[in-house]
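Two complexes follow with chain A in common, the first pairing it with chain B and the second with chain C.
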Partner chain A sequence: MHIPDSFMPLTQGLVYWAIALVFIGLSLRWARKDMSEDRIPIVAVLAAGIFALQSFNLPVSMGTSGHLVGGALAAIVLGSPFAAVFILTLVLIVQGVIFGDGGITTMGANIINMGVIGGFVGFYSFKGLMRATGNMNIACFSAAWLACFIPALAAAVEMFLAGTFPLREGLIAMGVYHALIGIIEGFVTVVAIRLIMTARPDIMKLAVPAGQGVGA
Partner chain B sequence: MENRTFIVIGIVIALLIGVMAVFLASSQPDGLESTALVIQGQKTLAGSAPGNAEIHESPDGKFSYTAPMPDYSLGEKLGPWGGIIAIIAGTLLAFGLVLGSSRLILTFWSRGKGKPGQ
Partner chain C sequence: MIEDLFFLEKQAYRDSFLHRLDTRVKILVSFAVIIAIVAVPYSPVVYIAAGILFLFFLALWAISRISPVVYLKRLLAIVPVWGLIILFQIFIKNRYFTEYHVIALLPLGVSIYAESIQFACILGVKFLVSISFIILLSVTTKTQDLLQGASRLGLPAEFALALAMMIRYLFVFGYIYRKVNEALATRCFHPLDWRLPYRYRIRQLGYAIGTLFLRSYEQGERVYTSMCCRGYGKHSHLVFDKRPLSAGEWAFLSVSLSITLGAVIIAFLMA
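Let's look at the complex of A and B:
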């Protein structure tokens, strides 16, 4: 889902950058408020894990592959959508600047799609599904699936506005492929959250109130 | 689990995933690339792209940048070793960048946070 520079006019890229900067500012405020010395290394490990998982493309049939995005994972584990914006912004900077995975001028759009939309959709659908089902696995899987699918549709609209994809065909193809990739996103998110909850249940106290989820 | 143990195990798992990706990751196009190939008529929605399929990009009026380690590799000479070095460097860089940025925020921006009278 990493949009390269050649897929978007410079002026549109700058508009997305301006929007992204607002959310980056808010994510820095989250970091200032919610980060503690104890939590910093854990957030950094999560970023390293998301970077590594994003490099691991798995086949999803239809001649397509996909990987974890990580917006839902970061937001659920750290209890805020702004955590996803903070982590995904820094991961996307490393990917774009060092590895050319995603463009420089389109990085704002990529931050909006994967960090902002992925983080907010993942976090709030997780909260809603936890309230509705009380089942941690279902809530995590569905939230992560949505956090992959919805940003892909947003990217299709951005590609339409950029004149790169026609709207209908873009939405159909991006939707179909990311509906499949979302299964990877859901599965990996559930496994990662289970592992983190086993190792450090204290980390997730903000996202999952005590007594909920572990045994679900 | 203590912080230090969690960090060491977390980093080791991340590095293992990254190194495995060098050998096991699928070379098929990702969702965005597949969509571009469908739009450009080089693949059907459900079919595989032919081996010589290539996304036609129009760089006119668009920014261009060459990354130091494009496609998570160090060129063909080093083969998979280049990929391993690139992934390890990227994983540690992501870790270090988040660690450093967070420390900076706590040190300089949060100075005095919660202290009476400040």
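Let's look at the complex of A and C:
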């Protein structure tokens, strides 16, 4: 899902950067308010873990690359979609600047796709599904699947606007790949959240009212 | 990618003019080249700009005194994924050309167009230049120096702190990932071993992922506690000194930016 440099004209890259900067600013506000001294390790470990999850890449013929996203996991564990924006920004900076995975001029678009769309879709679909079903596994799995699938479609639309891939074929290719990858993402998210809740419930700040999370 | 981190860090500990150069200069030059090559339109003029910038990259690589094998290794790690995606361009019509000429008809109604091949080449050349400068930056700069350089260039303090911790934890994660893998290998476990029951494999994989995360977190928590004991904290970023660039570094930056700008101007003039 990482769009590399040169796959998008500079002007479009700058527009995505401008939009991303608004959300990065809001995520910084979240960090100043909510990222206390004792939460720094969990933020950093989640960033490192998501980095590791995203490192298993597959090329998608009519799009960019296929991989897990991790936006839902970050948002659910830290209880805010802005946490996902913050963490995915960290991950994309390291991937782009050190590993050449995703571009510098296209980083704004990548932050919007994986951090903003992934984080917000993951967080609010988790909250909604928890209210609707009361089942933790279903809510986590579905939220993670959506947070993988929808950003992939957004990336396909951006590539179409950039003129590098046709819309229909791009949507089909990116959609099909990430619909399948989303199943793995859902499984990993459920396992990770279950394990954290069982072994270290103290580090979990669930995004649902008390009584609807662990007890569900 | 985690294994690549150890490889890159090993290269960054070598010694050369480029290794010693202030990180801010390296970041600014790399980003300037990337922005310049991306700014060139999708037309054949890009070959001239890319040629000049790639020669500039080769000169810098020679100065770094790192083996070309390292560059090729990094390129091989990155290019297969993106190379395949660029290759698919030869079957696609896009808005950058008005006329398309079929040069080969394939089964299932798939065609290869002359203009699409040209577009794929343009995309490939732009990508190669961008990625080469990222490789140069990463093999000549330690991750902690990158962080310090970015902080001095104005990276918000919250990001600098979290990035510093993330980079430390990436190495912790890498070591624990190796240990978990070795533990699974010594028990002859492989997630794709079809002789094992499906549910058993899923459960073991789930435990491995969860254990990797929890062990990394607990190790990271211990590391962070010990860092706090030594005076590190949420506001430690304030200790970065504001070192001014030396005259030599200003000169290198000016020459590099001039070459970058010159490459783009020459490309447009020759078009």
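Here are some notes:
One rule holds in what follows: the second predicted complex is superposed on the first by the 195 of 216 C-alpha atoms of A that agree within 3 Å, B and C clash if a C-alpha of one lies under 4 Å from a C-alpha of the other, contacts with A are read in each partner's own complex, and residues count from 1 in each chain.
Please note the rule applied: a contact is a pair of C-beta atoms (placed from the backbone, for glycine too) under 8 Å apart; a residue touches a chain by one contact, two chains touch by 3 or more.
Quick caveat, the model's predicted, so the values are computed rather than measured.
Because the two structures share chain A, they can be overlaid on it, and in that overlay chain B clashes with chain C.
Judged by the touch definition given at the top, the superposed model places A:G134 against neither chain B nor chain C.
By the touch criterion stated above, A:P166 is placed in contact with chain B and with chain C alike.
Looking at the shared chain after the overlay, A:A156 reaches chain B, while chain C stays out of its contact range. Applying the stated contact rule after C-alpha superposition, one finds that A:Y177 touches chain B and leaves chain C untouched.
In the superposition on chain A, A:V191 makes contact with chain C only, not with chain B. With both structures placed on the common chain, the touch criterion links A:I3 to chain B but leaves chain C unconnected. In the superposition on chain A, the residues of chain A contacting both chain B and chain C are 4-10, 13, 28, 31-32, 35-37, 40-45, 47-49, 51-52, 55, 57-59, 62-65, 86, 90-91, 93-101, 103-105, 164-166, 169, 199-200.
Remark: chain B residues 1, 3, 6-7, 9-11, 13-15, 17-18, 20-21, 24-32, 34-36, 38-39, 43, 45-49, 57-59, 61-72, 86-87, 89-99, 101-103, 105-106, 109-110, 113 touch chain A in the complex.
Interface residues of chain A, counted against chain C in their complex, comprise 4-10, 13, 28, 31-32, 35-37, 40-45, 47-49, 51-52, 55, 57-65, 86, 89-91, 93-101, 103-105, 163-166, 169, 187-188, 191-192, 194-196, 199-200, 203.
The residues of chain A lying in touch with chain B in their complex are 1-10, 13, 28, 31-32, 35-38, 40-53, 55-59, 62-67, 86-87, 90-91, 93-101, 103-105, 152, 155-156, 159, 164-166, 169-170, 172-174, 176-178, 181, 199-200. Against chain A, the residues of chain C that register as touching in their complex are 1-2, 4-5, 8, 27, 31, 34-35, 37-39, 42, 74, 78, 80-82, 84-85, 88-89, 92-96, 123, 126-127, 130-131, 134-135, 137-138, 143, 146, 156, 158-159, 161-163, 165-170, 172-173, 177, 202, 206, 209-214, 216-218, 220-221, 224, 228, 233-234.
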